[in-house]
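Read through the structures below before going on.
Consider the two complexes below, in which chain A is the common component and chain B and chain C are the respective partners.
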Partner chain A sequence: MGSFFTPLSWHDAPFILTGILNTIYISTVAIIIGTILGLMVGFLRAESNRFTNVLMGGGLDVLRSVPLIIQLILFSTYIGATGHPLDPFVAGSIVLSLYTMAFMSEVFRGGFESVQQPMQVAARSLGLTYWQTVRYIRLPIGMRAVFPSWLGVALSVIKDSALVSVIGYMELLRTSEQLISRTQQPLQILIGVGFFYFLISYPLSLYGKRVEGKMVS
Partner chain B sequence: MIEICDVHKSFGDLEVLKGIDLEVKKGEVVSVIGGSGSGKSTLLYCINGIEDIQQGKIVVDEVDVHAKATNQDRLRQKLGMVFQQWNSFPHLTVLENAALAPRIVLKKSKKEATEVARQELTHVGLGDKFDEYPSRMSGGQQQRLAIARALAMKPDYMLFDEVTSALDPELVGEVLDTLRMLRDDGMTMICVTHEIGFAREVSDKVAFFHQGIIEEIGSPEQVISNPCQETTRKFLSKVLH
Partner chain C sequence: MDYVFHWNIVFAKMPQLLHGAFVTLHVSVLSMLLGIVIAVLLAIARMSDSKKISLPATIWVEIARNTPALFHIYMAYFGLGAFGIHLSPYFAVLSALVFVNAGYLTETFRGGFQSIPPTQYHASKSLGMTSMQAYMYIILPQMFRRIYHPMTNQFVWSILMSSLGILVGMNELSGETQRLQSLSFRTLEFFIVAAVMYFIITRFVLFAASLIAGRVFRGDV
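So, the complex of A and B:
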């Protein structure tokens, strides 16, 4: 009688690859959407008066302070309870993107605020409109200043995406959990998975170093 | 022509300008001198609409600067301004700094904008710095860059707000030489300055500001060499000695 457990084999490669791709997929979506929303919210925060800022700040604080895993479970349970459950990828992307946005918005806010008033006045004195000053002066100067922080948030999103496994999205961690329960080889598999996370993050980190190097020169 | 009529300007309760009248004709160089807090820089900010005014009128070439219908962005294209701090755009090379506004505001092609920028940069003596980043240049060079950047918009007027005040003493000369050159080109200029010697040398008119009003105005010989007001004399004796 054959064993219930079968060891890890090359036949599992496509399954693992799916996990890797799904991790890359959801991280990319969250980083892109989170960056776009974060830019808008961060800009609003830099431009708003105190009152609006307190309101926005409260909402963002909730997103940043409640553990991601709780947000994921609450959101997908709530959506499920309404009778229109979402695909785990969609639900995960929404929560992870908002979570990312909350961190990115503070990063970008700092970036916009780092461009001092006299610099903006100088640009306006050349005839640039308000929005041209935002687009050609504040955005590029501010984003350069906060690029390292942006990169830090982006890298942590890749790792945080592992939590989306709790609502059933078949990303890298979840594929590995399934393999572990089948093969009972947790050590090898977790080391392998850790290595894959490193492989996904490292190029981004390298890219960041290159961009920073360029900015210094 | 720039016509300033009875301009009042307050920051909250503090009235900084208390009824300024001044006329600057095409080709004229007017220097504004006076102690700090006398309102002279504020006047420049009002002329190109960075600051509102509470009363009076500023008219540039028949356009009321603070009228609701006035497109100030458009108006600023003909009013070049250079500040105490040079505010170079750190993410752009020297050439890109000067070419930015012609390209974006005047919608010139990249080639045309670059050409104008090259000309103006060469004019102020930065012909060998095109590809440099501003952070690698001295304050004097960055201030000349700021002048070239404003000139690249082909303004009709230039407003200078204490452009040498933040410079190390040994760098003041090169910036003043650039201003002299502009005067020789026939540029209409208003210079707020603490360089009394320079004001005497280049100006057609000198205005002495004191506590928000023009205490004395006239030719440099009259205002600087033979002031008739006591306050002017006091101020000059302080800055000249």
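So, the complex of A and C:
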């Protein structure tokens, strides 16, 4: 009797590649949208008074203190209950982007606040308008200061994107799960998957450390 | 949207959910304690001059930091089976969390230790302290202040990461929620309650941590 399970072969390569590309795809989308939203929210938080800050902070705290996997399940169930189910990619991107935004906004808020009052006053006294000060002084200087933290958040998003598999998006970990259930070779496949994540994440984290090192000195 | 919420089913299962929350806390506290012990050893190893000692520690740290937590849990649950090691969901999640916590905390400890200038050690020695005294009274108390907040964050991360137990059928808060909702199909209600419980747990941990910090460091953190 032939085996029920078929071993891993080169025919699986396109399938794995799709998983890899999907992981990169959804992480990139989440990082870009999360960065844009985070920049806006971070700016609002750096500028607003105590009351609106507490209000916004509360909402962001919810995104940060409920596990991502619960957020994904809740969102996709909710969308399903409304009767207009979304594509797993769209649903996953929305949740992952908002989650990213919650962390990015803290990073950018720190960046905006790192540009001290005297520098802003100096810019204004040179005749720059409020928005020019934001655009030419606070944004470039503040963002440079928080670049390593931004990179740290971006890296964690790539790793967290593995969770989007729970709502059915075929990213790397889910492709590997399916291969494991067919081939029954969990160790080889998982090591391959881990190696891939490492390959993306490690060089970027080294780069982040180098930039940070340069800033301190 | 014509979805009718039925909360009674959820409240009837509250004891099980609370037990799940207890398991969540249990596994994260344990993973933190074991993680701290291993991280101290790894941090010492990483700062060693001998490559033979520092390299394994470096590899541990970089793998833990550069691959997803879910990958570690799958590795512990499915991957170790290849060596004939079959862990229960609880131990699979626990060992994965210990591995990740140890990796992150090693960097925290190393950073905290290196932030204390070595001149302080020499100064204490010149005041007649022994090495032991210098560490106990001068170096470690200062170091503890600097690593306190990163450690609190790591603990919160452990709580959130333990929710991945849902994928290997563990009975912590998420897994328990998943099991209970599959019996009644009140998915939204159950997961909303679970989300609220996670929120309360993490807020409480952060609040308690800031209270303790206020007491121990008397404000000057």
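What we mean here is this: the second predicted complex is superposed on the first by the 200 of 217 C-alpha atoms of A that agree within 3 Å, B and C clash if a C-alpha of one lies under 4 Å from a C-alpha of the other, contacts with A are read in each partner's own complex, and residues count from 1 in each chain.
Here, a contact is a pair of C-beta atoms (placed from the backbone, for glycine too) under 8 Å apart; a residue touches a chain by one contact, two chains touch by 3 or more.
Note that the structure is a prediction, hence the values are computed from the model and not measured.
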Fill in the blank from the handout: In this superposition, the partner of chain A with more touched residues, chain B or chain C, is C
Exercise for the section: May I ask you to decide whether A:P14 touches chain B, chain C, both, or neither, giving the answer as first, second, both or neither? Expected result: neither
Practice task
Based on the superposed arrangement, let me know which partner A:G58 touches: chain B (first), chain C (second), both, or neither?
Solution key: neither
Exercise for the section: Pick one for A:L126: touches chain B only (first), chain C only (second), both, or neither. Expected result: first
Problem - Partner chain(s) touched by A:G213 [first = chain B, second = chain C, both, neither] - result: neither
Practice task
Would you check which partner chain A:G194 touches, where first means chain B only, second means chain C only, and both and neither mean what they say?
Solution key: second
Problem - Overlap of chain C and chain B interfaces on chain A (superposed complexes) - result: none
Practice task
Flag every residue of chain A that touches chain C in the complex, lowest number first.
Solution key: 61-62, 65-71, 73-74, 77-78, 81-83, 155, 159-160, 162-163, 166, 173, 177, 180, 185-187, 190-191, 193-194, 197-198, 201-202, 205
Exercise for the section: Could you pull out which chain B residues touch chain A in their complex? Expected result: 48, 50, 73-74, 76-77, 79-81, 83, 85, 87, 89-91, 100-101, 104-106, 146, 149-150, 153
Practice task
Can you check the complex and tell me which residues of chain A touch chain B?
Solution key: 118-119, 121-129, 132, 136-137, 140-141, 144
Problem - Residue ranges of chain C touching chain A (in the complex, touch as defined) - result: 1, 3, 62-63, 65-71, 74-75, 78-79, 81-83, 156, 160-161, 163-164, 166-167, 174, 187-188, 191-192, 194-195, 198-199, 202-203
